[in-house]
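Chain IDs A, B, C, D and E follow the sequence of writing; residue 1 opens each chain.
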Amino acid sequence: MMTLQQMILLIPGIPLFAFLMLGLFSKKIPGNYAATAGTILMGVTTVLSCFVAFGYFTAFGKIDGIYQPMIPFLYHWLPLTDLLEINMGILLDPISALMLFVVSFISLMVHIYSMAYMKDESRIAVYYAFLSLFTFAMLGLVMASNIFQLYIFWELVGLSSFLLIGFYYQKPAAVRAAKKAFIVTRFADLGMLIGILIISYEGKSLDFISLIDHFTNSPQQISGTFLGIASLQWALALIFIGGAGKSALFPLHIWLPDAMEGPTPVSALIHAATMVVAGVFLIARLFPVYAIAAPVLLEGIGYVGALTALFAAIIACTQTDIKRILAYSTMSQIGYMILALGVAGYGAESGLGFTASLFHLFTHALFKALLFLCAGAIIHYVHSNEMRDMGGLKKLMPITHLCFLIGCLAIAGIPPFAGFFSKEEMLFAAYQHNRIIYFVSLFTAGLTAFYMFRLYFSIFWNKPFQQHHSHHGEGGPAMMLPLIVLGIGSVSAGFIPFGKWVSSDGRPLISHFHLSFSILPVLLSLAGIAIAAFYFFKKKETVETTVNAMGGLFRVAKGKFYIDEIYQFVTKKIIFNFIAKPAAWIDKNLIDGLVNAMGNSTVSLSNHIKGIQSGKIQMYAGIFLIGVIGLAILAIYYWN
Amino acid sequence: MTLEPGLYHLLTISTGLFFIGVYGFLTRKNLVTMLMSIELILNSVNLNFIAFNKYLWPHRLDGVFFTLFVIAIAAAEAAVAISIVINIYRNNRSINVEQTEEMKY
Amino acid sequence: MTGNQIIFYLLALLTLGSAVLAVSTRHIFRAAVFLLFALMGMAGLFFWMNYAFIAAVQIVVYVGGITVLIIFSIFLTQETGEKLPQQLWSRRFIAALASFCALAFTLTQIFQHTFNASKQTAIEVSVQQIGLQMLGTNQYGYALPFELISILLLAAMIGCIVIAIRLKPTS
Amino acid sequence: MSLEYLILLKAELQICLLIFFLLLLKITRTIPNEKLLPLIQLLLLANFVGGFFYNQSGDLFDGMFVSNTLIHLQKHILNLAVYFISLLFSGWFRRCLHLTEFFVLMLSALLGMYFLLSSGNLLIFYLSLELATIPIAAMANFELTRKRSAEAAMKLISSAAFSSGILLFGISLIYGTTGSIRFPEIPLLLDGSALQVMAFVFLVTAFAFKLSIVPFHLWTADVYEGSPAAVTAFLSVVSKGVIAFAFLTILYKVFQPFNGIWYPILLLLSILTIVAGNLFALRQQNMKRFLAFSSIAQVGFILVAMMGKSPESITAITYFVLIYVFSNLAAFGVMEIVAQHTGNENRNALKGLYKTNPLLSWVLALAMFSLAGIPPTAGFFGKLFLITAGASTASYGFIIFVALNLVVSLYYYLLVVKNIFMDDAIEPLEKIPIFGSAKLGLVLCAAGILLVGIFSWIYDYIAAQV
Amino acid sequence: MNVSLFLWVPLATALLLLLIRNIHLVRVVALIGSVIQAFLCIFLYFMYLKERARIGDAFMYFEQQFNWFPSLGISYHVGVDGISIAMMLLTSFVVIAGVLMSWRVEKMTREFFFLLILLSLGAYGFFLSLDLFLLFFFLEVAVIPKYLLIGIWGSGNRKYSANKLALMLMMGSALILVGILGLYFLSGKPGFDITQLKATDVPEKVQQVCFPLLFIGFGVFTALFPFHTWVPDGHSSAPTAGSMFLAGISMKLGGYGCLRVACFLLPAGAKAFAEPIIILSTIAIIYGAFATMMQKDLKYLNAYSSISHCGFVLLGLGMLTQTAYTGAVLQMVSHGLMTALFFAVIGMIYERTHTRTISEMGGLLKVMPMASVLLIIVGMCSLGLPGLSGFVAEMTIFTGAWQNNTILPRVATVLACMSIVVTAVYILRAVGSVVMGPLKEKYQSLTDMVWYEKWAAFVLLLGILIMGVAPGWLVALIKPATQLIMQKIQQP
């Protein structure tokens, strides 16, 4: 029997092994073998993860009724200063156990799904290698015991995201999207890096446990300030920026919609279920510090979440590319999670937001993965991402249709689907804590239902049935199986007693169900569905007229509030033209020019004084004479 | 300075002669006349030596011997110089100093 | 003014005057002659100082040797009647100015200096004394320079021969 | 006459013997150059080897002639240089019309230099200086039909005469103010009066002239360019070395009380010399002119060392001259071989040299690197020790200035290397035939360039002699 | 262990090369020589561990000292500590790769390899030297090979670049020379020996003058702003192996010199000039990175990025904390490996496409998958991706820099951190348009790497990965040495 430590090490170890093998021998292994091998290895990982996670929750995690963080493995990787060192460790606590399950489970689903979805691709081994790399990195991230370790895997996750978005490397749009995703998240990571530097300096450690200990026990010890704000606040804010980048929070969200250029299963895995919630995870990981040492900041984070949720939802209403709509909905849902964290406090009842947030993370992973995989199936069928190319697919893809509907209902927060429970908890937390955030999120809930059902109706109803692309069916069992599993999950996950397992302080949080409170959101959602049905159930002219009536507002929303353009302007016009170009110009002309000018002026000086060497012997003698007398005068009158 | 000729008078003559020679060397255009100026220069120094020997250090004959050897050297120098001048004349058919300004800068 | 003084000043005038003329006249042959006078004047000054041997050497070597050499070379290389080409006025002026300043400076230094003289008794400057010292190797002996100058003269002679030798037309 | 004379005057007597032997040979029979040259080379080698034995200290002729181990060593270096010259310029010597006379003149000049080194008296000093100059002027004119050769000779002898006039005036004033012409007596009699200082300056300028120190250097390039390469090499290596040694004696021994005066003089002159040498060198096309100006710059570095403390400076300068013998002679040797073959003395004749003539190229490149002071060549050590010696008393600013000028000098030495290795030949250059003895000379020089620096015992040997 | 062996092996190799006529044999000999040297380096590492275990902390291990110029106080004094072993390991890796990458040099093959080995000899000697004169000697020894390698075998404006490089480096050496002489004469105890100077308290005034001289002097070698302009031209004109050596080894000489000579021997100077160093290196980092963005030529791109990356080394030195110093050494090793590999890959691509202009390439991943993957990896290393060497080094520097608790270093650190975003921009731009995107018609028939390129890349990649994945041993190697240096700097 394996020890716990061995088992836990195997969890990231197996994907790493898979990555190395598949990557190194990508040319040698036939595609289907690679896919099968990758999936089987992933399956083993998932089993191990589930085992560890459930073991943690049910068996060895709880001591004295409190879930204790434990470190079953620690390797001193890179000593930095006397106090700081980057350790490669495994931290097991409720959050990481939860994430362990989510990541490996969704990853397995995507692995299975991809066997069918990617089967025509020639570089399938590479694809699986990248998937394994991602899974490895993500698992490493969630289990990191050390904030620098987290950063390391954070970056690796970014890399694998880059590689997978750019998987179709010959498609310029894919390359662009990959670069954009990498650079934007990299920019955000800069904040995180600086935050880590500050927090490690102040906290005299890089390990999460001691950091949290240090800041929660003695928050007043923080010495430095910058611009009148305590350095810890800066650190936490900067770290949040890192999380915001990865989680596509406003205004660092611009990469996520473009990232949909990657293969759809990848979008499901990385850009819906796992990687993008890393920001939520990050704040959850440091939650005690945020909640105790920087409550004001946390409140601000909540506002950012709310803004993102609303903002993304508005844009989602106007888009026509189904993956992009899903991407915006992801953004919106992550906004919810962040918002929920923002309205949470540390410990007991006030920690409801924390629990709700992670609960939503969990349910969202299920139903959003489901939605993406469905979308994948649809795209696979229609060979287009555009909503207008679809419609009336209800009969043609019955399973997909059903699953998609489940997903939509879940995300819209219709009971008894998973999303309802988590959303209800989040809204309740917000209601208790901050009314502004509450109303924003309430409104967004309605919008969510609207745009999701707009999507749903446009795909499956809207037009009459058309017999196009009848060359293949809905997809093989490999594609359908994950849909069904996830669909079941989306239906049933809400009934999990989540608060018992995951809470801000490790003590079980018994969440009550507030029937009266939840009527309003549900009604709003139903209203949203109704409006969507009104407009999109059948193809109607009214859409056009409504859109026209909204005028500028619609155009702005459709143009994604022109955030991309602003970025373009700042990077291309300002940074490029006003910093990079001058830098290169200065180097070429000023500094290099100076060096060359020194050389040239020496040469030209030597040309100017050549007249002294006139070839005339008498002139030589004259200069000689002047030299002698001059020297004599100097020697007698100055130096003697 | 008195009228009575003494060391300073002799030194004045020699120095004058010296710089007359220098002037000649600087301005003459003919190589032979330049050589003549050099002879003047060397000769003026002889006067210095003799004068010093006579008026200041008569207990030894250093100045006298110096003069003797300078004269000998002047002769040798003049001989070599003139042979070179003649060679230049052979090559150029002229002993103008401007003929010797080919190499410059 | 005593006769001694008169002789001195006359000699000085002769020397300096002919020197000036030697470096300024435009007739090359006259220049040579003025040089001769200047050297003679110098020999006269040596006589005046009672250094007869030196004066004799001066006449023999300079007047008899060098000047003749120069005159020969003038004959070899110059049409005697022609005037020398005149140097540029500015060049002459600058050269004169430089020389004069240098002269003034040097003379100032000389006149500002008080020479201290030897307290020891003078040696008689006889030809015999000179001869003895010239070949002596002990104290105050000048045998080494004498040998040295002989090598120099040998070398100069060889050099002159090689340079001035007329090449066979067809070699 | 006793044995003492024979031993102390050994080096001079050897040279005299050689001169008389050659004259005898000239008078009695006509030997073709092809046979004469090896004989001369052999004799010079013997002369060099003779320098290893019986080196004793002492003085003769009532202190007129001084000899000690350092002087012996310096003479030894000169012997080596002359031997190398006889090897390297074999091609030119073989075609030389008056080979015997040439060597007689060269040896008499060398003799003059020996006496210069050993002089203990201003008279000997002056005479030997003239002996070391006049024959060279005659040698410069040895290419009788070449206009430039005569021009060079003329320029050399007239400016040398002019400078010796000033030197003599200075000596006469020193004699007048101190009453002595003996080196050991003079420092005791110096009182620092203005006239003495002026006399001293006059004396210094004579050295400055011979060493080609700016602004008394103007004759150098013209004379170097016009003279036959062998003479140029002799002038630039042997003559320069000797004058530097003699200058050291004069400054450190005779005019030590004037330390406070000659220090700023040297400072000023070295700045001028280095700058002017570098600036002029970098625009030269003619290799001889180029080497002339580069040697001026090198002299500037020697001056830097002269400003330092006595024993270190003397060691460094002696060492540098030894290295300079190898480097500069190698440069002249290669340049002469190429110029003789192509008829082009300009730098562009070297273009593409490496393709067909690797030996010549490597030797020249090594010489250039050595002159530029780049390791592992000996020049690096030589130059570094010069600067080290000078730095012991100099200010930072001056040393930085000197060091930065090393960069400028590197620039023009690299131009030559560039021509050799990187440029394409203007017209295809065939393999240049090299005489065996010249090849031997080149190889010896190259070996010297590579090894003299790394074999530190050479430096230590010199240091022990000082 | 006899550390002089590290000089004898390359010397013997070089001399042997001169004797061989057969071109193929020349390559083989050069390769064997460099491989032997590499194994010796690895052996040295283990011997060092053993010796360390035996005698404990010491300033230097395996010291050897012979009088060289005793009258001037110059001795042949060599020895190693952790830093020099790290640098020598780097050198040996880069040399092997460089020799392999030059396998197909046809023009004057013998001379080419001779110069390569000579250059490496200079580097080894430099890292071994414990005598300032010896150190300076070896620093200068490398000048000739560099000049000739670029001038003869280079491309583009090679003569100009070679000249510029030689002159600018010589300028640096000139300043170093003055600094060394200042130390020699004014330190109180005349001598060139580092172990002696270490024990001497150099007067503050002398330090104030000598430190900037030495630091700028060595800084020129390691592209200190504004003395960096030789870097782009030199690197881009050099042949592949030349660029690898220049960036991988030669620039490190400067960093090592700054550390070992300037900062170590002149602690008061290091303190007094910490701020200018920080400012200049930050400018180099930021400005270099932005200038890189504008480059259109792959080699120029890497050259400018080298300026930026070497800025990190100097930044680390300016921070005066032990971790930052360790980071600076790590960055030297990392950058050496990385940039050598980068140039190697560029060389491979250039060999096939005959262009280095970024915009003219595209989609090479399809036809040259290995080379393209290498380019991506090395790019990722350049932008500091974890798991590769760049990350380890940069993070160590950042953390170390942050320990300096004053405002300027902090601002500088933040700015330096920002540069990694800019790095990401230009690296991705290059990677995106070279290996990704549609494949051009004319490149359809290109072939992938051949054996010697594979081996060259393998060696360097191995180094990058070992350092990136398991940096602990390297840090353990370097740390005791930087600790000693810090003790010297921080003592009052």
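Of note:
The rule we apply is simple: a residue touches a chain if its C-beta (ideal position, glycine included) is under 8 Å from a C-beta of that chain, and two chains touch if they have at least 3 such contacts.
No experiment lies behind these values; they were computed from the predicted model shown.
Here the chain-to-chain distance from chain B to chain C, counted in touching steps, is 1. The chains in contact with chain A and with chain C alike are B, D. Separation of chain D from chain E in touch steps, taking the shortest path, is 1. Farthest from chain B, judged by the mean position of CA atoms in each chain, is A. Compare each chain's C-alpha centroid with the centroid of every protein C-alpha atom shown, and the nearest one belongs to E. Comparing the CA-atom centres of all chains against that of chain E, the greatest distance is found for C. Top contact pair of chains, counted by C-beta pairs, is B-C.
Each chain gets one centre point, the mean of its Cα atoms, and the points for chain C and chain D are 31 Å apart.
Chain geometry summary: the mean Cα position of chain B and that of chain D are 27 Å apart. One simple way to say how far apart two chains are is to compare their mean CA positions; for chain C and chain E this gives 70 Å. Here the CA centre of chain B is 65 Å from the CA centre of chain E. For chain E, the set of residues that touch two or more other chains comprises 167. Looking at chain D, one finds that residues 123, 127, 130, 134, 137-138, 141, 144-145, 153-155, 158, 162, 173, 176, 179, 194, 198, 221-222, 283, 411 touch two or more other chains. Contact of a single residue of chain B with at least two other chains is seen at positions 18, 21-22, 25-28, 34-35, 51-52, 56-57, 65, 69, 73, 76-77, 80, 83-85, 87, 100, 102-105.
Pairwise chain contacts present here: A-B, A-C, A-D, A-E, B-C, B-D, C-D, D-E [touch as defined]. Taken in their complex, chain D has these residues touching chain C: 16, 19, 60-62, 64-65, 98, 101, 104-105, 108-109, 111-112, 115, 123-124, 127-128, 130-131, 134-135, 137-139, 141-142, 144-145, 153, 173, 176-177, 179, 193-195, 198. Considering their complex, residues 164, 167-168, 226, 228-229, 232-233, 287, 290-291, 293-295, 304, 321-323, 363, 365-366, 369, 380, 383, 385-387, 391-392, 395-396, 398-400, 402-403, 405, 413-414, 417-418, 420-421, 424-425, 428-429, 432, 435-439, 470-472, 475-476, 479 of chain E touch chain A.
Listed in rising order, the residues of chain C touching chain D in the complex are 106, 109-110, 112-113, 115, 118, 137-145, 148-149, 151-152, 154-156, 158-163, 167. The touching residues of chain D, when paired with chain A in their complex, are 154-155, 158-159, 162-163, 166, 192, 194, 197-198, 200-202, 204-205, 208-209, 215-216, 218-219, 221-222, 260-261, 264-265, 268, 276, 279-280, 282-283, 408, 411. Interface of chain A with chain C (complex): residues 618, 622, 625-626, 628-629, 632-633, 636.
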